[in-house]
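Please go over the structures that come below.
Next come two complexes built around subunit A: one with subunit B, the other with subunit C.
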Partner chain A sequence: MNLADGVQLVSFGILALMMIGAALGVVLLSNIVYSAFLLGLVFISMSGLYILLNAGFVAAAQILIYVGAVSVLILFGIMLVNKREDYVPVPNAWIGTVATASVCAGLFALLSAMVLATPWAISSAVPVGDGAVVVIGKHFFTDFLLPFELASVLLLMALVGAIVLARRDFFPEQTEEDQLVLPERPRELVSGGQK
Partner chain B sequence: MQLQYFLILAAALFCIGIFGLVTSRNAIRVLMSIELLLNSVNLNLMAFSNYLDPEDIKGQVFAVFVISIAAAEAAVGLAIVLTIYRNRNTVDMEQFNLLKW
Partner chain C sequence: MSSGIDLQGSFIQLLTDSGLPIGVAKTVWIPLPMLIIVAAVTVLALVSTWLERKVSAAAQQRIGPEYMGPFGLLAPAADVIKLLFKENMLPAKTDPWLFAIAPLMVFIPVFLSYLIVPFGQNMVITDLNIGIFLWIALSSIAPVGLLMAGYASNNKYSLLGGLRAAAQSISYEIPLSLSVLAIVMMSNSLSTIDIVNQQSGYGILSWNIWRQPIGFLIFWIAALAECERMPFDLPEAEEELVAGYQTEYGAVKFMLFYAGSYANLVLSALLVAVLYLGGWESPIPVSWLASLIGVSESTPWLQVIAASLGIVMTLFKAYLMIFLAVLLRWTVPRVRIDQLLDLGWKFLLPVSLVNLLLTAALKLSFPVAFGG
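Presenting the complex of A and B:
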């Protein structure tokens, strides 16, 4: 193992520990604001892992979109529904938690066994590295052109849908005489050419 | 560095996300768990793209699509949570039984 491999392995270990710890914090902490900030930490360590995988462009996109937009959006959501409430304890809730934990552990064991048992066809070609932006752009405008355009339409639909859903459907009471009265006294129109 | 490390890490993150999705009672935490799930899928795609398809990186293209759709999903999901909070005055998942019976 040369120096570069060692550095890669150590940084992978640090990023993996950071990500798993932060993800456990997101799920297990009781204060949801801490969870939101730890979610940002998960996204940042994920971006570091992308850099380890020779994908600088997607790492930058990850930081911009997830850390810059989604985390802030979730924080705003927490502020908008910020209500201190004590949840009514559900009887025998621990059975559900234990069952879910065992199912998740079993799923993890199954996935790990599958990953370790499969003979992956590792390619020996040199990764494109920083030329990835060019290759991604070519993909977007040749063989992925239709999904690319559909993604823009989907984003527009999500924008309109979010506005329609989150808008307050409350209008103040309007009486009959309020509707047709202008806020200022109507003036006589002056035609332009007479002066 | 091997492909298996990244895949096992993504599997662990996916299982944590599933656990949070099922057990958490705050609706916003459910949205955060969905984000964890989408991120683990993205990590899988990027690992495959780097190790199995390093020249014609289609995994990165897929990851960009997944990121954009996850952003749309977060916006719509938060709007839905906000609407339910206005109607029900709670974010407790145990009390959302509008479609239950």
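Presenting the complex of A and C:
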């Protein structure tokens, strides 16, 4: 094993540990703000894995979209919702927790069985590496044109929907009495020329 | 095009000649440019704080720093020493972890972005294929740090300042990326080296600023907003928000925010130089001068002079832009938050889209001038 392989192995280990740890934190921590920040860490570790796979463009796009947009939006959502509610302890809350845990464990077992049972065909093609931008662009405008356009229409619909939800159609009319008046007696203006 | 001097190649050559295996030689090389760049960026940021003081003093007909070293040059050093020796305190009921991590989240992406700033043909840490896109991606991490600082400080002014800063930074990222996209379209590459090489050939006449005047203005306005410089420094509007998300910070953590903001300003100015002002190319091409006096381009002394001239040129252009930014700071009043968002979404975004379409049309119709 030469130096480069060793560095790659160690970075893979660190990134994988960071990702799994942060993902567990997202689910298990009770503070929702911590969960949101840890989600950002999960996305950053994923982009690190992309870099290890020689997919620099995908890694940068991952940071730009998931860390820079999705995480920030989630944080905005959390910080702008100003709803304070006291936590009411639910009787027998442990049943829900146990049910959730068992469902998650079953799902995990199913998925790992599937992963282990599937004969994965490892591609022998040479990684594109630096030419990825050109290859991705060509795919977008040839065989992946329809999904690409559909995704953009979906995003446009979300955009229009957000604007419709956020805009105010009703503006309260201002009447004369509503206007702010200084709490002072109105005085005659004294002009300088009069004696 | 001559390749100029290749420090990395010669250094590794030297080590392998003295008997080291090539892998070890490369490993020895890797930290050197990083350390040099980190040190250089720190110095550049300190110099820009000094410039800020001196230029603002001149704008207000004062003298500015005077007694700390010649022309007050040691004032930034005094700042750093003061901030280093201050007590590192934690305000009551803050979130200790997030409070400590937030300045790093703002500081590290800025320093990481210097990876792609070229000072010469081979004078860059890595000539990444995704180049300028890396900077756009990394600068989108900063809002997370700002929100973190605002939330962790347990202070409503901090929270408001953090939310404002994040909103501002998100909305100005879009015109910024679109104006960069127009440049990328012209040079057919995301790599900063290729972008500069595409502007070489005819000296000052071939710089992108003549082909992208609208893009240049949009980029500079958006970059100022990203750096929270004066017309757009709402997150720190002191008459409304004390100091925004920095209110509760002091000592080393404040220094990280402060250094980060000035390093970001220097970075933006350097990228203006790279994208629009021809990077390391001098206004009169060196190769033309060399052929005029009849010296071959591969002459060693000429290459050393050309490389040093390249560094000086890049820094000169960048500091010209910083000077402009400081003058702007002391000339224009601050905009309101609604004006800021109006400017970003209703003016800069459509204009930058039109600019992108125009560039595409011109590229199709005049492939000679617009990099077909």
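In this text, the second predicted complex is superposed on the first by the 161 of 195 C-alpha atoms of A that agree within 3 Å, B and C clash if a C-alpha of one lies under 4 Å from a C-alpha of the other, contacts with A are read in each partner's own complex, and residues count from 1 in each chain.
Heads up, the rule we're going with is that contacts are C-beta pairs under 8 Å (C-beta built on N, C-alpha and C of every residue); 3 or more make two chains touch, one makes a residue touch a chain.
Quick caveat: nothing in here was measured; it's all calculated off a predicted structure.
**Q** Taking subunit A as the common reference for superposition, should the pair subunit B and subunit C be classed as clashing or as fitting?
**A** fit
**Q** When the two structures are overlaid on chain A, which partner does A:61 contact: first (subunit B), second (subunit C), both, or neither?
**A** The answer is both, since A:61 touches subunit B and subunit C.
**Q** Which partner does A:2 reach: the first (subunit B), the second (subunit C), both, or neither?
**A** second
**Q** Does the superposition put A:72 against subunit B (first), subunit C (second), both, or neither?
**A** second
**Q** Figure out whether A:37 sits in contact with subunit B (first) or subunit C (second), or with both, or with neither.
**A** A:37 sits against subunit C, while subunit B stays out of touch.
**Q** Could you look at A:51 and tell me whether it touches subunit B, subunit C, both or neither (first, second, both, neither)?
**A** neither
**Q** Answer with first, second, both or neither: which of subunit B and subunit C does A:80 touch in the superposed model?
**A** both
**Q** Output check: A:130 vs subunit B and subunit C. Expected answer is one of first, second, both, neither. What do you get?
**A** The second partner, subunit C, only.
**Q** Who wins on subunit A residues touched, subunit B or subunit C?
**A** More residues of subunit A are touched by B.
**Q** Scan A:24 for contacts with subunit B and subunit C and give back first, second, both or neither.
**A** The first partner, subunit B, only.
**Q** Between subunit B and subunit C, what is the tightest CA to CA spacing in Å in the combined model?
**A** Distance of closest C-alpha approach: 14 Å.
**Q** Both subunit B and subunit C contact which residues of subunit A?
**A** 57, 61, 69, 76, 80, 132
**Q** Which residues of subunit C touch subunit A in the complex?
**A** 23-24, 27, 98, 128-130, 133-134, 136-138, 140-141, 143-144, 147-148, 150-151, 159, 163, 166-167, 170, 173, 190
**Q** For a test of understanding, state which residues of subunit A touch subunit C in their complex under the given definition.
**A** The contact residues of subunit A facing subunit C are 2-4, 33, 37, 40, 56-57, 60-61, 63-64, 67-69, 71-72, 75-76, 79-80, 129-130, 132-133.
**Q** Which positions of subunit A touch subunit B when the two form their complex?
**A** Subunit A residues touching subunit B: 5, 8-9, 12, 16, 19-20, 23-24, 26-27, 32, 35-36, 39, 42-43, 46, 49-50, 52-55, 57-58, 61-62, 65-66, 69-70, 73-74, 76-78, 80-81, 83, 85, 87-88, 90, 96-97, 100-101, 103-105, 107-108, 111-112, 115-116, 120-123, 125-128, 132, 135-136, 139-140, 144, 147, 151, 154-155, 157-159, 161-163, 165-166, 168.
**Q** So in the complex, which bits of subunit B are touching subunit A?
**A** 1, 3-9, 11-20, 22-29, 31-33, 35-36, 39, 42-43, 46-47, 49-58, 60-61, 63-65, 67-76, 78-83, 85-86, 89-92, 94
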